[in-house]
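The chains carry the letters A, B, C and D, assigned in the order they are written, with residues numbered from 1 in each.
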Amino acid sequence: MSRLLLRQLPGRVLARALPTHAGRTYSSSSPVAQFTWEDPLGSKNLLTEEELAVSETAERYCQERLLPRVLQAYRDEHYDPKILLEMGELGLLGATIKGYGCAGVSNVAGALITRAVERVDSGYRSGMSVQSSLVMGAIHDFGSEELKEKYLPELAKGRLIGAFGLTEPNHGSDPGSMEAVAREHPQKKGYYLLNGSKTWITNSPIADVLVVWAKLQETGKIRGFLVDRKQCPAGTLETPAIKNKTGLRASITGMIHLQDCPVPKENLFPEVEGLKGPFTCLNSARYGIALGVIGALEDCIKRARAYALERKQFKGNPLAKYQLIQKKLADAATDAAYGTLAAIQVGRLKDQGKATPEMISMIKRQNCDRVLYNARILQEIFGGNAVSDEYMIGRHVANLYVTQTYEGQSDIHSLILGRAITGIQAFV
Amino acid sequence: MSRLLLRQLPGRVLARALPTHAGRTYSSSSPVAQFTWEDPLGSKNLLTEEELAVSETAERYCQERLLPRVLQAYRDEHYDPKILLEMGELGLLGATIKGYGCAGVSNVAGALITRAVERVDSGYRSGMSVQSSLVMGAIHDFGSEELKEKYLPELAKGRLIGAFGLTEPNHGSDPGSMEAVAREHPQKKGYYLLNGSKTWITNSPIADVLVVWAKLQETGKIRGFLVDRKQCPAGTLETPAIKNKTGLRASITGMIHLQDCPVPKENLFPEVEGLKGPFTCLNSARYGIALGVIGALEDCIKRARAYALERKQFKGNPLAKYQLIQKKLADAATDAAYGTLAAIQVGRLKDQGKATPEMISMIKRQNCDRVLYNARILQEIFGGNAVSDEYMIGRHVANLYVTQTYEGQSDIHSLILGRAITGIQAFV
Amino acid sequence: MSRLLLRQLPGRVLARALPTHAGRTYSSSSPVAQFTWEDPLGSKNLLTEEELAVSETAERYCQERLLPRVLQAYRDEHYDPKILLEMGELGLLGATIKGYGCAGVSNVAGALITRAVERVDSGYRSGMSVQSSLVMGAIHDFGSEELKEKYLPELAKGRLIGAFGLTEPNHGSDPGSMEAVAREHPQKKGYYLLNGSKTWITNSPIADVLVVWAKLQETGKIRGFLVDRKQCPAGTLETPAIKNKTGLRASITGMIHLQDCPVPKENLFPEVEGLKGPFTCLNSARYGIALGVIGALEDCIKRARAYALERKQFKGNPLAKYQLIQKKLADAATDAAYGTLAAIQVGRLKDQGKATPEMISMIKRQNCDRVLYNARILQEIFGGNAVSDEYMIGRHVANLYVTQTYEGQSDIHSLILGRAITGIQAFV
Amino acid sequence: MSRLLLRQLPGRVLARALPTHAGRTYSSSSPVAQFTWEDPLGSKNLLTEEELAVSETAERYCQERLLPRVLQAYRDEHYDPKILLEMGELGLLGATIKGYGCAGVSNVAGALITRAVERVDSGYRSGMSVQSSLVMGAIHDFGSEELKEKYLPELAKGRLIGAFGLTEPNHGSDPGSMEAVAREHPQKKGYYLLNGSKTWITNSPIADVLVVWAKLQETGKIRGFLVDRKQCPAGTLETPAIKNKTGLRASITGMIHLQDCPVPKENLFPEVEGLKGPFTCLNSARYGIALGVIGALEDCIKRARAYALERKQFKGNPLAKYQLIQKKLADAATDAAYGTLAAIQVGRLKDQGKATPEMISMIKRQNCDRVLYNARILQEIFGGNAVSDEYMIGRHVANLYVTQTYEGQSDIHSLILGRAITGIQAFV
């Protein structure tokens, strides 16, 4: 998909009238100095024409197509796989990859897509991040040319769904201790046998393609395998869903159980060894999260502001007139603005090959922490009404707790940063 | 029910073996100086024998009978009305009321019951608080002798279920602006006609007896009415449930719609006028919440501690060995201990007639705020696993948000305190 | 000094008119339920007549005699040793010790004295704490009967000044690694020779009696020595002052340098060995700090409240009318009230022999942390005016930082608590 | 002074060897991806060659010439007016002004200068900000061409010292209520008579040129006057110093008392009327503060990091190995990095005429708040040693409190932002 196509598609897809989400506009920044609460520090000024277009496409799709179904999906703990097809059609999957049917946009543009999706729901964004950054990213960065040509275009279109199997039940923050193992198939030449369990795997129950990290028995080193579900004999791959989640209920999460699952040797990622492989993918996903969560916070701000303006208490004053309310909004808007700038800066450095994992730890940690903090504070503006899921903010709050803990819990990133600053590691 | 009965009952009800909840003991404090993380500042030392016995009875019931059903109830958004029957049988309802079949225990003892219930779930505690403090309290404090004799014993046994209708859709924190109204029945002598809507009413869909606050048309003053559902003609009282809540899902919440609902004049609370009536009840309920939420925090501490001791990361160290984890536990234990002492102190003053509404604002606000804060921080210890509802802490976190906002949102209590401190009101 | 004397003294000392510190009253709590911002949770209700009398005596002395000189003393970094004489005259030194000319009051009464002094200045309280808890406490708990009789009465009267030498330059939070050493005097029989350096020692430059902890060379165990300055040959004891402090400037602080300083063997504390000795004394001092710092916070509240009521901005409204200001006051008053109750509770347990070091860690840490936090927030009410030292609050803020760090820095107490809660130590 | 000169000067002034401040380097960012704790998000990448050169010049001067004298200056509450001469010589004063002997650099470059100065001391930066942003800025933006030509070159060289008189004793955050007044001179034609008092005026006791804002009696509108001290008859202008400050002691602060002070009409700023004048200047100063305070925080980080690496406790581990310490450093580094990016962004918008006052409110508030918060947290790393002023961090903490309150106290900026976000003002 060319960039042109990416920009044309909205016209086709979005033939209906624009949504009436008060306060959201898609116009580019005005030449006159003006403060807008949606973008307090003028971050749009930093974006290219192309990035603005990508953002607009993604925002329209999300507001028009995702927003109307999220409430019910979250209640039912249901994820509609058609979403990935729709995203694929718009070129939103694996968008930063060049070639293989992908849009090849900048890292910032890629993150603007995650922000648009997460403005609706962090679960929807998670499903997309896994597909784009973890699965397509892994195949693109580490797969053989054959694997890339076979899988990337289909994943880009959303016709195949991917999952990324790294975390194990007993090793959440410490993947180096993983127990999953791959050994030479004793009978079938050219095959490995995979055994092990992965948990908290987004998309796993519906995934066609699973990138699985396991220790190669002969070397003890971690390697990456592409497990294609339709190549797995019955009983060798099970991917039960995890239900009754307290957050991210609009995404689907499950386990991966591999029992003597045969995987052809050409599905081994040829070069990468150790944690470098999964960490590269995670890094990329984390970058997307860092700007993504800002979308969720911006939605909370928009909703809390609208509620505060509309809701009247005591002598008919809107809540928005109260100092304690205004401070909550000011704090949240500030953190959203700061987080946006930091994420754009790291995206620019990433495009230039100058971004380091520590930078991404910093913005992933800070943005997730601050977004969660502020979402909770904004929730207070709704008082008891926030208990009704129709005000949407309770869902964001529940989701954002998860974003703070996955792909590097906040404290772990603190220690990564602490090590980078002091040169001493303190994981004990 | 005499106090004696209260202490005997456990034997009957709790004939089975004691629960095996690791870490919880019911023994009284040791004579030797010893630090226990469950009661860091030795608050048990402040309790009477009777209070310890009441607490023990309540804790056993809650751990044995409530805990096993809460997970499913919360998932299904289901409240089992039998719970009130069981509580009634143990003398736990309206326990501070003297006479009318109530136990007549101290205010501290009453709050120890709420703590026991909230250790399991804030929703269960809410259901009980409404019955005890709001409904039975209102009837006891403001009802005629006839109303007391007719309703209190049945409510105390849980054979009747009560609801308390104060909050209206557009006047959450400002009940003085309520729109519900009562006027003389134009035809039926000795009756009022009630009209209006109430929302976020715990127990309303299953309530037999509804205390409803409305403005008497002739005076414009707020008055209290006891609405007995079985006296209401069809179509005059509707109590639809509010579903899809983001917290307190193990309690049942609804609206109250009154349309020309006839209420006999003897069901009017004779003396009280204005906000004094509902505020007296709320004050009493708030006092119970102040110690109640500590139970929820203590449960979070217990679970987080157990998880931190069991879960190993990096070189096989338990999470409990990490400084960042230990600080979370220390902070939470401190706030639990402080909140407990403050609640006991106010209970003692309440027993002596020296507690003021501002004191209760202070402990309700502070305890709810700190409990919510700490529960969220403790949740981080579970990392991604907290997303599974089986770890229980996500449920507490979601519940505790509600406790912070109902019966006086935290900011409102700040302004009540600010007014008491400065003599100036700032509600604008 | 008998209790009677303690209560009579004010009459003698305080012959002048009562101070006119607006808002401070010394009356006991009213029988009618009433909220007072100076004691929001009615802690006075918990005090005995004697404790109220001790508190009143101390408060009067401090407000009348200490308050007028603190501003200049702080500016000049000057400590007037006459203060200890005055305190001694009133029976405020070593007041919890029974016998030896001490008042023998309860632990709570002792802490009420520290609160009164710290209401004026943490530095003044530090000077007194060292004398009472560290020096007199050490001699009382661990000294021989001869030492007690020789030193305690003079210290109680403030005719001798004490210092407590534990902390060394390189071992702030880890006294177990101390380098000070005592060995048998090679020539002079019945004497030890002390060598080593101590730093951050309150009162050291003016001390007559220095309790010094050092390792006994023959055993390697820490032992306590009473160093009497007038017994020290020239050049063997140097106690230079540390100047240009950023806090506690109204107290005097210095180092202790011991160079072959001969100490008679009878000045060795006979029984105690290891860290138990100094830790017992510190525990006692920390208890006093826990309630003491509340005095400083209460003074900040009083001053901030008065300023907010008097200072007008925008349309002539006093600052006190602003929600953001009221919240600061409400938060501070809450923490003061909670901290007071916790300290009283631990004092009661201490009187009963049921207080543990962890309890004291908890209240020392929490009260110092919260007091510092709130003092800083209250300072904001003064805006730029707080830069003038005449508003007093800047001095409290600077002082309170020190109280948070000395006698166990806050983080260290977190880890002590973490260890008590988890059973695992994490000092690494 | 041309830009060239600005870059050449260092060679001349800084003929001595480079300082040995460990960890500080002046090299531009490396082409290889690398995380440096001094600039975690690669902000240098955003600077032009010229800006890097300006920054380097300023940093060298500050580290070599200002740092060695700040400790004593702060102790003595002494400001050396030669500092402005030295800064003037290097082209650091009024550097963003084009013409009139000023360097004409970008707004970002101007802020890099404030950051360099504030890395040493906020008081030194305050003295410079007043000269550059408030006084030179006011004359440049609002003065007649004659005033500009007469005063700007001398102010730029530091041969004249300026002060800015806006704040009055009773109207700190509300200058619109000012009482200073100017009326036609009853006798002397072409003159106004100024009366009124200003307080907390940086540089006032040593100022040659005072920009004073007062209400013109005939219109009641606020106007700006340039008061030239040498034109003032004796007794008409008094500028007593305010001593015993608790922060910013290395700057000089005072009052301005005007008593029938005659000012020639040509010293009235001709065009500007109302608060637009002073607010424009303040806006510019606030922008400088927003990046300036980051310098102070970076210095705290550097010093805390060095201390943590050097100081050993428990088993010989450096403090830097402790998780609780690492988190403090990680938090501070994150806020410094985010604050830097936000300030650069607003500077770029300012250069393009797109920055609004609300943007500057946002970054002034957030950066001052976060810097103060983190400086205090980093201070904890020093434990009791921070009480010694030689560790420098206590001074930063005391200074930064003032930066949070002046030029718009934090809460006031919250309400400015709240108004911008909601459209409703809440100053009451």
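Operating definition for what follows: contacts are C-beta pairs under 8 Å (C-beta built on N, C-alpha and C of every residue); 3 or more make two chains touch, one makes a residue touch a chain.
Computed from a predicted structure; not experimentally measured.
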Greatest separation from chain D - chain, by CA centre: B
Repeated interface matching A-B, over half of the contact pairs identical, chosen among A-D, C-D or A-C: C-D
Approximate Å spacing (C-alpha centroids) for the pair chain B, chain C: 41
Chain B and chain D: spacing of chain centres that average the CA atoms, whole Å: 53
For chain B, residues that touch 2 or more chains besides their own: 321-324, 327, 411, 414-415, 428
Complex contact set, residues of chain B against chain A: 75, 167, 170-174, 177, 200, 242, 244-248, 253, 312-315, 317, 321-322, 324, 376, 379-380, 383-390, 394-395, 397-398, 401-402, 404-406, 409-411, 414-415, 427-428
Interfacial residue positions of chain C with respect to chain B in the complex: 29, 31, 33-35, 37, 40-43, 45-46, 305, 308-309, 318, 320-323, 325-327, 329-331, 333-334, 337-339, 341-342, 345-346, 348-349, 352-359, 362-363, 365-366, 411, 413-415, 417-424, 426, 428
Of all residues in chain C, those that touch chain A in their complex: 322-324, 327, 428
